[in-house]
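Look at the two complexes coming up: chain A is in both, with chain B in one and chain C in the other.
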Partner chain A sequence: MAIIRDMIPAFELFQPTTVEDALVLLAEHGQGAWVLAGGLDSYDWFKDRIKRPEAVIDLGGIDELTGISDAQDGLEIGAMTTLTEIVRHERVRSEYTLLADAAEHVATPQIRNQGTLGGNISQDTRCWYYRSGWPCYRAGGNTCYAAAPQAMNREHAIMGTSRCVAVSPSDTAHALVALDAKMIVRGRRSSNVYDAEDFFIGPATDITRMTVLESGDLLTQINIPGEWANAHFYYEKVRDRGSWDFQLVSVAAAFKTSGNTIDDARIVVNGVAPFPVRLDAVERLVRGTSVDEAVAIEAGEIAIQGSHALKYNEYKQPMMSNLVRRAVRSVA
Partner chain B sequence: MGEAESIGLLETKYSRRNFIKGVIAVGATASSAGYFIGGSGLLGAQSVPGAAERLITLNVNGQQRRVDVLPNETLAMTLRYRLNLTGTKLGCDRAECGACTVLIDGVNRYGCSTLTHQVRGSSVTTIEGLENPDTGELSLVQQAVIDEGGFQCAFCAPGFIMSMTAMVNENPNPTRAEAAHALSGNLCRCGDYHKILNCAMRAAELARSV
Partner chain C sequence: MGRWLDFESNPWGQEVLQGVSLDLMYLAIGLAVLFTLGHWFWYRRRGFSKQEEVAEAQGSVAGIPERIVRHTLASRIFHWSMAASMLVLLVTAFVPLLGLEFAWVTIHWIAGAVLILTIVYHVIHSIGWQDFWSMMSMGAKDVREGISHFRHVLSPKAPTPEKPGKYPFDHRMYHNGIVVVSLAAIVTGVLMTLRIETPFWEPNTYYPFVDQAVSGYSELGEPVISLTPGATTGLMFVIHGIAGVSLILMVTAHIYFAIRPDKRWFTWSMIRGWIDREHYLAHFDPDKWSVSDGSVQEQAPGGAIADSVVSAPRVDD
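Showing the complex of A and B:
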């Protein structure tokens, strides 16, 4: 990563106060527009001169995008709500502990104080070949440097790849999939609701983006349905350092249980693919079973079926397997 | 952009003090000139709703400061090179090291990764603003750092002290582990964390006794 200690290259800054105005600005500037949430992912791109938007649309002044409110069933979280607000919110802490846990695992206090939930799940991948401006598939080129024979790919994907082997960096994405959250996306003419699971897309769908968001779209709100409130949750993030670091592998799981029998489960792993991976096969295995060590071990084995390690990330297979095993075991 | 690049050039050409004076004296004219080319709200009525004005008022350390700020300028840059508040350090410029930590409405954030235009209407506190402006009496956290002799080279100290200030205001009764968690967004290359945590615990102790 280039270290440049000077100004960010020039751009025009727009600070709309309504979603409507923001959508107009986005439409006007088209591909030259950049949506700025907390900015912590954006400024790195700008400082490195890899992305050079003409117009930056700062969402920080739009009040309707912040805050957490009680919905009839569940919670409605504005996309610009900071991670710190989420961690401290009483109902998130008591009923949706999984999300509070996930948000608390993001980077550092300063970043959580500024970084937003919408930004955290919409941030771009950390693959350093891509972020250093190499002309890879994701950047519109015709090769993947991270999958090359000599590549440094310890942090890259073991599944869900298609030409690109980068991973989703978000700590909250898989928690939202586990909670079956709904993403409200507004465009100039229409507004769509996506299941969290469908919000994140892989390179097979579109190699240049990590979410359904296209130019001109705004993620405005994340709804957490009441269905998984107060479920039994398990979140664990493995990283090289105790703070700041992105995950190597992490798991977010929600279980509905009676005693140590699992009635229903949603188990999602991140850091292993270009999107959070929901483990349907493992969920089918554990649903209706009474958890013992044999079930936990089998869950771990099924979790990594079909995975394929690159040169330096073989460790992610047992790591993922063990995290899933621990998640299932936590019910017993 | 014109001025952006000139910051590097000027710095090598003149001493830093001259450079700062120079920017203060010519900043408004020189930098505006560059901006006019791109079409500016300063020429008359704002051309587009939501477009940011260049000349803004910032509340820094309790004072209203009128300052000419580029749209692409970070708060750390404005504080150091426009307002001469060089207590705020620039280490990594990447939201990693925490040397640029300031309080924005009492919340600790990275000055290197906040646009100055985003804090119009907020109150910014830097290390220079912690002491009592009338008596010069140090803040509790500053006093705790002196009592415990917490830092070696102390380049990271202003950032750590701002994070400690936020921590003490929020939770004056932290465990050592909680203090470490609250300060985990600041790095010390001297590896002086043990003594820095002593400072944090001492600061909390002082805060509780007030």
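Showing the complex of A and C:
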């Protein structure tokens, strides 16, 4: 297994103060560059010698990447805004409680003080075969060790896999998909806006990345549109340790309701696939219906259709089904 | 092997073979472009005359129809199905590596399955309704025919080569090449498909049976041939990768010749099914590829006639 050492191997540290400078540095160093946000995932990689960047671009000094501001329609959140700021922000707490809930479920207060929204959604998977330096598909190799018959895969995916069975570890990613957030990604020559749903990519598209971010790209801002403000929200995360842990399965849902009738819904689950999974079939089922127990049960059953358990993660199927059922039931 | 092969280190510091390097793909693409442009310039510089490009029709036209069926409908369906699946396979294999990302794996294996079905169909059709070996024959006489043809292409002063039968030497050579390369890609591709999610089977990362076949095991269960860990998988990826980049070259060359003005009549025959009498007399030896009104004649080496009939189509279409 990986040998953990105290000292991080040397790299060149850059601390730009503008996005432009950061983009120039990223372009200069290409594949050898590493974008450092809160550093909570990055330093693990460095200490374990699994990732050895030549140049680390620390975004901590770029003021324009921090803070939450009111937009004409919704909110604009800088990618370097800390999770604590999001949890404490008045408008997030009142109009977008789903995001506040999600951010509050990330790790510990200390980690939320340091961790950023951009970092949380861009972090790499926790698959320990990958993180221990195995030459797996995600690491550029040709085998998924976690999918082997004798592999330890209790925390791995039950759907959306394509050779790799790692899961997205983010607690906020699915909340952003449920809120239909827009991700602003800047490159040296262009700027692109992605729906949160399209920002996260699965191994079928690129097995070595979890998001659309490529070498030279920078996630600068997350925009939350006003459309889902003050909707009925539901967030629940199941983890081994209630105090501090990555999710096993979690659900983030937004419902527009009239009484107990659901007019519109966005229901997203994480921890079950390499990307947050939007449950289109469940949304179609509940849209326009008055919620009762039968609808909730059916929603839970539909949610896991097509899922495929590995040797040790069969429990995720009823867990996911129950979480979805509870999300739908919350409207009643 | 330089950097044509990719190795990765495992947690114990052992180098594990992963597959072919991306450089090999760029090399194949570069060679394909170079070949195409090189041949085009060379052909122009050499100054082939109109007479050479459309060789003079010789021989008696008695008994020879105006239209001669070269490819039956069954053959054409096979050809274009195979071509479509091959192009999809190449696009889904290499375009994502060039930067255009999409979910390629499912499309890739489905196209592979279609390719396998078309080849099975082709083999059955060739054995049952065509002269199977005429497409592949590579005897000494065929090689001499090929050399003679090649010399003439290189130098107009070289003696005019004998006209071929239905399948000229270069066509047979290409066919044999594509058979070998495609089979290598298919066998390794099927083994790779065992590892991914398909409706056919539960995916399994490991192949004990392949390890055993490649290495063999002693009575104590130790591999007889000591390969680096995961080498069998790596070897499979290497073979699949080499076959894949070879197909870039072969398919490019095929498409290039198919659209060249002097060869376009071949392509038209693969669309319409027939060639005209002038091309037949100009490019083929009627003794080796014999046709006549409504009847099928004897066959000669390198010249299948089983589906070469007059404009009245055969019932096996």
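Here, the second predicted complex is superposed on the first by the 328 of 332 C-alpha atoms of A that agree within 3 Å, B and C clash if a C-alpha of one lies under 4 Å from a C-alpha of the other, contacts with A are read in each partner's own complex, and residues count from 1 in each chain.
Just so it is clear, a residue touches a chain if its C-beta (ideal position, glycine included) is under 8 Å from a C-beta of that chain, and two chains touch if they have at least 3 such contacts.
The structure presented is a predicted model; accordingly, all values stated were derived computationally and were not measured.
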Q: Scan A:45 for contacts with chain B and chain C and give back first, second, both or neither.
A: neither
Q: Could you tell me if A:128 is touching chain B, chain C, both of them or neither one (first, second, both, neither)?
A: neither
**Q.** First (chain B), second (chain C), both or neither touched by A:144
**A.** second
Q) Touch check for A:308: first (chain B), second (chain C), both, or neither? A) second
Q. Of the two partner chains, chain B (first) and chain C (second), which one does A:243 touch, if any: first, second, both, or neither?
A. first
Q: Please tell me which partner, chain B or chain C, touches more residues of chain A.
A: B
(Q) For A:10, using the defined touch cut-off, is the partner it touches chain B, chain C, both, or neither? Pick first, second, both or neither. (A) first
Q. Considering the complex alone, what residue numbers of chain A touch chain B?
A. 3-17, 21-22, 25, 28, 39-40, 43-44, 46-47, 56-58, 60, 84, 107-111, 113-114, 242-244
Q. Given the complex with chain A, which residues does chain B contribute to the contact?
A. 1, 3-5, 7-8, 38, 48-52, 70-74, 77, 90, 92-96, 98, 101, 107-110, 112-115, 117-118, 163, 166, 181-185
Q) Which residues of chain C touch chain A in their complex? A) 6, 8-11, 16, 18-19, 96, 101-106, 195-197, 203-206, 230, 233-234, 237
(Q) Applying the document's contact rule, which stretches of chain A touch chain C when the two form their complex? (A) 1-2, 132-135, 139-145, 147-149, 161-163, 201-202, 204-206, 308
